[in-house]
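Chain lettering (A, B, C and D) follows the sequence in which the chains are written, and residue indices restart at 1 in each chain.
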Amino acid sequence: MTGADREPVYRFGRGSEMARDASRVEAFSDAVIAIVLTLMAVELLAFDPDLPQDDGLAAVLMQEWRAYLAYVITFAIVGQVWLTHHNMWRYVRRVDQMLLVLNLLLLMFVAAIPFTADLLADNLRGTVRDQRLTAALYVGVVLGEALFFNLSWWWARRRGLLHPDLDPRLASAVARRFRLGPLLYLVAFAIVFIDPLLSLLAYLLLVGVYLVRGPGDLPPAGQEAPDTP
Amino acid sequence: MTGADREPVYRFGRGSEMARDASRVEAFSDAVIAIVLTLMAVELLAFDPDLPQDDGLAAVLMQEWRAYLAYVITFAIVGQVWLTHHNMWRYVRRVDQMLLVLNLLLLMFVAAIPFTADLLADNLRGTVRDQRLTAALYVGVVLGEALFFNLSWWWARRRGLLHPDLDPRLASAVARRFRLGPLLYLVAFAIVFIDPLLSLLAYLLLVGVYLVRGPGDLPPAGQEAPDTP
Amino acid sequence: MTGADREPVYRFGRGSEMARDASRVEAFSDAVIAIVLTLMAVELLAFDPDLPQDDGLAAVLMQEWRAYLAYVITFAIVGQVWLTHHNMWRYVRRVDQMLLVLNLLLLMFVAAIPFTADLLADNLRGTVRDQRLTAALYVGVVLGEALFFNLSWWWARRRGLLHPDLDPRLASAVARRFRLGPLLYLVAFAIVFIDPLLSLLAYLLLVGVYLVRGPGDLPPAGQEAPDTP
Amino acid sequence: MTGADREPVYRFGRGSEMARDASRVEAFSDAVIAIVLTLMAVELLAFDPDLPQDDGLAAVLMQEWRAYLAYVITFAIVGQVWLTHHNMWRYVRRVDQMLLVLNLLLLMFVAAIPFTADLLADNLRGTVRDQRLTAALYVGVVLGEALFFNLSWWWARRRGLLHPDLDPRLASAVARRFRLGPLLYLVAFAIVFIDPLLSLLAYLLLVGVYLVRGPGDLPPAGQEAPDTP
């Protein structure tokens, strides 16, 4: 934080101001993701008003298991978006206008998640028929996110916005992982044409792997692999 | 904050970056809890559209007292979740992927609170009959939270993610308290089979005790017990 | 921040950890207030579906002016709650369990604002008749907030949770102002029995005075009065 | 941060406390903007329940393209508000009561965006006829924002609340840009009387230019123009 203002600047704000910059981007993104997550919960868990309630609450809840499945799947996806964002932005030290725009475009896709989650739940319930289109929209949103994660990372690396102490090999590993994501999602999407439910399970599996390993392939804290072989 | 990078790291970010890490987890969790709390307020306090409004506003409000009771109960529970989260995470200095995942799973249960609160209000109003199932769902959500608080704390202790200056006896006290929570909640739940309203009151009592004492059994600031006898 | 750990502590965390504590309370409260504010906007500004739309959009908007008045009034009140919270908590350096509970109880009243704002709008529209009860609820919520602001400040002063450099005369001035608020609100409330609209205007006037002067009676930055006469 | 308390202060809090002040304003504004953005997404992307669903999901989605256009347009506008806020407040080092009030008034217009976005979507769908009034409301909200950005910046400069190291020429450049915004928006508004859709496209173009260049005319990080010719 100290002694980083070596050169004359038209625009001040290296060091601590810049750190506040990145923090603010994180806070704003966090707020969007948190609202998406909670609104999605409220929508998905609410009872379908068209369901008959004569059979008691237990029967209604039974009939709604598909909505709860959609909740778990979508929560996993939103959770993974947050984790990926967290794991990427912890390495970002400064921001510029383009990185902010790329992050906003990412959030535009994130904010569309409750919509697709609702479609997914309707689909699982059988209210809406067109399973392939639903899955296509779902995948479209996920691919949009993956795209802008890739672009953000690529831009931050190219413009030197990352932390100067970041190991270049780690930066490359993150980029490789970010590139891999869309490919895997496309495979999961292709399974839709075989069986929609299978496609969702493939998704969940992928997300689970991501959740456990993390996009930056971070070893557990306290056990960092040493830098040299 | 400075001079903490003594060892070679594959993954940089000890010290200030790590503190930002934990702050971000707190900020994200705060956002989720805040939205849950406010959405719950909006839902519970809204008038039941099926209620006759002929008798004037006072009569409607009288009929709605159960919804207001549900509001106070659920607010107490959500408030206690926030307090517990606050009191636990103030001791967390670093995060790893698994702690983030455990925290997300905790939030998955937190985000389901408006759903159970709505069920509770419907139940108190008599719109939905199945009181035992409602209470079971309510307790299920609360137990889920308690479970992931326990797992988070256990993991953070085991992996050395807590603040190095944290007194091990305090860490143990927190763990004991976290283990006690689910047990007490289960007792409150068992009372459902005697009387659902009594069960809720037992809950409120438990939450009240937690609110006053705090999960870490913290003495009031400025009066900390000295470390040695 | 440094050198504040003079005494043996069972509970660590003086200095920077404590500052993070207070920041987190602020962030959580901010999130609740922000959601209240935005949800209130969405509810109040939405069209009343019962209104005839035959006369074109302009006629509908004309008929809805009362909802917009309710929006401005409630926004002023929520805005003032945020300002008061901001101005009070900037002096808080440490938190204890009781202060957190008092803050949560304050937020319980804040989260009820969209409900009363909706009642107010219905009242102004003439959909709900009972103006005195509406005003009573409105004032009840505002008084609840004022009460817990008073209790928070009183507790924080008594327990030494405020910043050590805070001038005791400023602390007293804030307390005096906090005590004055409920009195003025009660006067505005009494006017309800003369004329409800007049009462709202009295409110708006009071809030306006608060907005311009600030609860801590803070002189404009850069022009601080010197400490001695 | 240290050693900044040189003069006697009635109101303490220069330095780190002040930085917390500005951070809190940012966090609160972020929360409001994030909620606006996400609620807007939920509202605009939800299906119009009056649409016939007989033709399958694809047909429904086709009919809804206007809502998606409204989503992209409004997202761009809200995104730009956030960027402008971010780019302005990064230079703010201290706050006073009036700046807080100006920021709250700005947020009052921001919180009205979902309302106007909904009107816009209804308009594009043809549900609401009065295109000129809709556009007028839309522009009114945008102009209100532009007005309070201008007032905030003017006040912060006049009262010396900006960072002391900020180049005065940059402060002037920001002010010039802020003044230009309303003029351009008024031109886009005038086009409404020729063709409403053309007006929206003009808007989108303006917002796009702002997104790429940024209100403070910031050169990309790492390529700052040197201070002297």
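Operating definition for what follows: a contact is a pair of C-beta atoms (placed from the backbone, for glycine too) under 8 Å apart; a residue touches a chain by one contact, two chains touch by 3 or more.
Here's who's who by UniProt: A, B, C, D = Membrane protein.
Note that the coordinates shown come from a computational prediction; the quantities given were computed from them, not determined experimentally.
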Note to self: Counting residue numbers used by both copies over all numbers at the interface, does the chain A (Membrane protein)-chain D (Membrane protein) contact come out same (over half shared) or different (under half)?
What the structure shows: different
Note to self: Fitting on CA atoms only, what is the rotation between the copies chain A (Membrane protein) and chain B (Membrane protein)? Please report it in degrees, nearest 5.
What the structure shows: 90
Checklist line | Intercentroid distance (Cα basis), chain D (Membrane protein) paired with chain C (Membrane protein), Å | finding: 25
Check: In whole angstrom, how far does the Cα centroid of chain B (Membrane protein) sit from the Cα centroid of chain D (Membrane protein)?
Finding: 35
Next item on the list: Check each residue of chain D (Membrane protein) and list the ones that touch at least two other chains.
Entry: 27, 31, 35, 39
Check: Which positions of chain A (Membrane protein) touch chain B (Membrane protein) when the two form their complex?
Finding: 1, 19, 23, 26-27, 30-31, 33-35, 37-39, 41-42, 45-46, 53, 56-58, 61, 71-72, 75, 79, 82-83, 86-87, 90-91, 163, 165-167, 170, 211-214, 216, 218-222, 224-228
Check: Residues of chain B (Membrane protein) touching chain A (Membrane protein) in their complex?
Finding: 1, 5, 8-13, 16-17, 20-21, 24-25, 27-28, 31-32, 35-36, 39, 43, 94-98, 100-101, 104, 107-108, 111-112, 114-115, 118-119, 128-130, 133-134, 137, 159-161
